[in-house]
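Order of writing sets the chain letters: A, B, C, D and E. Residues in each chain are counted from 1.
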């Protein structure tokens, strides 16, 4: 819970920060982490495969990648933990990665985007996760010829299923190249948003009932946190749609025509996600209107109660007060049936008011 | 009612779901239904016709289609129930259907779309129905040369009239090809939305009266459910408009120029539907504003009543309380016309307050 | 009033309806009216003119048109009442009108549009009228060479002035061709919207005063009906703007370049109408906000009154109640100036509260 | 005040009106003013200049212009008062002005626009003025070769400074042609909007204070009139932006390349005006929200006061009422310290309630 | 604080003002400051560098620039204080700066923009600063060949870090030309917005708590001032995004291809800023809704308290009033257990009302 809360709390205020001292340093420079930061150790996993073979290797050092640099087949280098500039620089040198792109890997608040440098594609996207609140992990990927290099902050592996498919040799992935692998990873990223949305949808449905039955300040803050999370998801999925479109319209030849067909499918999914997000946002806005209407309804209810009880008893209290006066010359007081008379008067008053309220649909 | 309710309840939370285990399986793979699912049996109806002849056949097996594969004239293969991967695969092999499109057939929450693969058009659209709440059934269609293959989940047949027209040989449909048949089915789908909208329009009109006469929490939840249904219809009709436009702008030669004239007509209908939907959505939003205003009006009414009665009787009660005091030395009490005097004072107070309220337009 | 009301009431729920039995009939088929429907009789007026001559003829039969089919000069065939399929079919045959367009003539809820068929333009637009509420009559027109055929539902003639101008031979209309005549009719249709808007504008101005002076539920329903009428006008004028633009950008040669200059002028008027409509819609929305604010103001007023009177008399009533207690040992009761003392206390309380309310700006 | 008020009041309801009788007259016809209308007399001022000379002439007759028709140098014909069709027709004949454009000059509610006719530019724009409320005067201009003809309704001269600059021979205006003169006039028109906006901005700032300190119904109507004026300005500046852009993108050669640089500058100013207008409209909308929130705050304040005083005195009144009962057998009444006991009870009640309200942050 | 406040207060009402007398002066003329204005003295700093050398000079006179005009390497002329037309004119002559651009430098409310004149780029952008409230300082820059001339109003130096990097010879800046220097300055300007946004984000977060816990009028005015500042930032960042895009799409050859890669990076940052701004604006709008909902909640709370206490004590007061009547013939008064009976009746009333409120979820 602690981890997630921290994510949730900071998510709107965390911005791209360069340490004060380095403002003015030339762009494209990599930043070493502050000495006292507890960065997770960098782990590099290399997965090489072609139609017939498949090899895996894992290390904390970037040096293991060099051997795969010119090799035929497809190489997938997956780097977990992006705080170590040494690893980035070594990979950058080996594969000729552009310094501006390398800098973006370290900036964990980049917007999803795709950029084309000479002979390479640089893609930034996000992995959505929900556990209590929604969190988004940034993933960067370089497509350099037949090599795909991915960078992620968090050691949780979202692509185990892709790895398993490669190892097992099932499906297209083994025979298709690195561009298809990139598509597969993005497709997983988009697919992961569906269960997140599903859960938010369930929360919306629960809310709807709560709003009508018992609108409390807590309901209100749940509505607003839902709106915030939908806003955040939208901010991610919208540019990811453009990322997929950008890859699909690639002219550099890095993306094969066959893969573009699959990207069209991924694009459809992104559009469907946007559709759902918009629908949910509309529903969440409706919810807020419903909340205010519900409060107004309750207020009317409260005021009706007050008005009915007050306006019935206020005249009655006046009447009984009237006969509590101490005038010496006060004819009714002496009457034989004065007390009865008062009750009759009060009954008449009550009946009249009841009818009035019935006519007004208040009862 | 049960069926419809279930549809209504789930409609916003149901999302594209791949079973957990298959995330990461290569895209384009068909999913066998879970063993315990009660899927309706697949039924295949083949309708073959040319200018002069017309043949019909029905079976649970896809094998009956093979005979029609190369035949001249127009073949319409209508598959009801899409849970059986065997049928899909067999049809896919016979007609060379693209695996990504086949996968989309099984995913019952696809967005309406049209896609062009080598020598084939793949179209997804929806059939709207209303019985209590609105439900939308997904229909997929392949146009492969002179063959049209349609897939639908539900065994209710919306196209009986088209079938009758083909059998009877009336109209253009017999002489025109498979592209015109596809147009006819889409036209029926669009036409079916009109009575649905009509019914929602009637509900809107009833609401309007209810909102002004007696705004209850129930009215509110009817407004919101109407807004939700209009939102859902919009989510369907909007991309269907694009589907029709996409077919109209076809460059592959699968859609004949003459059919494009008819598609233009269908496009006009889709635009008209969007117009009506937008109008209804505006009216539903107005309704909500009217609801809140109506509540405010009633609150003012309630408070006016309370204020008038309270402010008249509160001073009177004070006056009678005054003469209920037990002071030993209390001159008015001893007066001969003290009691009468009190009544005069109270009458004056009432008259003054009445005038005040009249001046304020409260009475 | 009856007629107009009926128009007004139905206007948002009337939709394109095909009789149940004919769903599935081939598009382009004309529908005979139901046997029991009271359709106004069809009337055909032919007006033929060239630079020097002008001929008029009127009949219930379409056969009178045949004579004009190939004649030089300009022929205007004006058909009132569109329920008779025989007339439509005969005209269709004589002038080669497209069946899809003929079907649209009968559908009285078409969206304004312009369509180009081989050698002919088909235009749908609307005539706005206001008498109590706003109503819109559909007009369809075919431009076939030098012949203009117009269809309208209602026997009221909006184009008498154009006819008079033709008869009198004044202005450009006699020397210009059928395309200029079409422009003239559309220009009249657009011009007719201005007085309608003017009247709605006057209603808006009256409302503004009413909203601030005395916001009643009736005011609210007038606001909403105004918003509905503006919405309806917008739904008509917006596509009419596109109709004019479509004619202006005509490539078929049916519209002469000189007429296009005039169409540009008509386009400016349509844009100006849209501008005014948007302004009025903004004002109507402001009105609604003003209404709610006005209600809130009144509520504050009401509550202030209640609060001031209540909070002054409630403590006083307590005080007089205090000395109405019957305790045997009750020192103040016995005081010589007890009664006077009570009045002094009450005066002090009133003064303090007055000052408090003055400081709060409530008095 | 009278003049301005009339402007202000009518400004949203005045629309393009053709007299009833002339509907159907051919477009492009000039309308003679109704006989009983008090039209200001037409005044024509001709200013001719080249690099070295400068001549001025003024008359009520259009005949003075003929002499300048073919002359080299730049001629500026400024017509004040546009009600006289004779003057328009004479100028139209002399300079070959298009009849449709001439008709637009008389219609004083045209939208700002630029139109190109053979060898001439026709421009409509507006001059904003503020004195109490905002008013907009229409100005039309023809650019025909080296002649600029301007038409304005109102005799107040906004371009005196331009005239002075021409007379004095200062700056570019003397050496540049009629296109630069046109730019200068439009630039003045745009510049005049800045002080208007400034004044509206000051009003907005004053309002903000008023809304928070003391929201009255008057404040509300000032907010709405501000919104209306911003709406009106927006309706004018937006198309003027397009006018400047249209002149800048001129292909006819009437606008010289050097003048286009200056028009780019004017375009920047128009964009800046739009920016400011949008900002002010946002602020005015905020103001309305602030107003409603402020009212809600006050209502809470009022209700708190009522609630605190009522709920303190209501129980006390009950208690004193209790001991005002006349039961024969009533033990407390007889107590020696009964009266003191009642005071103690009441004190306890008050203390408890105070604490309760303090805990709720109401005190 | 004083300085900042003044900035904050005026920021929406300050507009481009030409002194009255100069309206009509030819555009492109420089304005001398009013004689009594306290303008900060103009300071000119020249920084010249190439790969190997670096020279700095500072003066109050523009004459020091002349020496660098044709020299190879990169020259950066930084002018602080823009009120002195003599300096501007001298620089304008030396480097051939366009008069319209020079005029824009003096107008301190220009919109960020980029303009291309023959052989030079003119760029206007802004530096955001936050200290209490947000202020934006205007910076103008000319890129003329290998010379960059920057103008700023305020003597605070935001580019010290860039200067240091040039002096130290670190990074690309020394080897790259004046276009890269321009990019560096714009990048600093964009980077400076991030901490400003961060601080506004923190304020938003604090507000959220305040709104739910204790919504006061002060909270409201903080929300509105936040909305205003976000609006102002948006008005600046949005055109700056276009400035960067405009430089990136430069066709004049003034911006080298390599620098364009860096500008793409700056563009991404601008887009990210816009994203954050939009998110914050959405959150601020939510905040306002939350505020109103929170007020409604409190009102309900207040009214519930009033209603519960009133409706319990009002009937009780009636009852005790009843037995305070002085009728001579009043049976209950004489009862032995009359007093006890009254207490029982009152207890029953209280219990019934409690149950009623519990059922309504008010307790």
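The rule is short, and it goes like this: a residue touches a chain if its C-beta (ideal position, glycine included) is under 8 Å from a C-beta of that chain, and two chains touch if they have at least 3 such contacts.
What you are looking at is a predicted structure, and each value in this text was computed from that prediction instead of being measured.
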Set of chains adjacent to chain A and to chain E: none
Where chain C and chain D overlap in contact partners, by chain label: none
Where chain B and chain E are represented by their mean Cα positions, the distance between them in whole Å: 43
Cα-centroid distance, chain D relative to chain E, in whole angstrom: 26
For chain D, residues that touch 2 or more chains besides their own: 292, 296, 299, 303, 306, 310, 314, 317, 321, 324-326, 330
Ordered ring members, chain D first, chain E second: D, E, A, B, C
Complex interface listing, chain A residues touching chain B: 159-162, 164-165, 170-173, 184, 187-188, 191, 194-195, 197-198, 201-202, 204-205, 208, 212, 261-262, 264-265, 268-269, 271-272, 275-276, 279-280, 282-283, 286, 289-290, 292-294, 296-297, 299-300, 303-304, 306-307, 310-311, 314-315, 317-318, 321-322, 324-331, 360-362
Touching residues on chain C, where the partner in the complex is chain B: 12-13, 15-18, 23-29, 98, 100, 104, 109-111, 113, 115, 117, 214, 216-217, 220-221, 224, 227-228, 231-232, 235, 288, 291-292, 295-296, 298-299, 301-303, 305-306, 309-310, 313-314, 316-317, 320-321, 323-326, 330, 333-339, 342
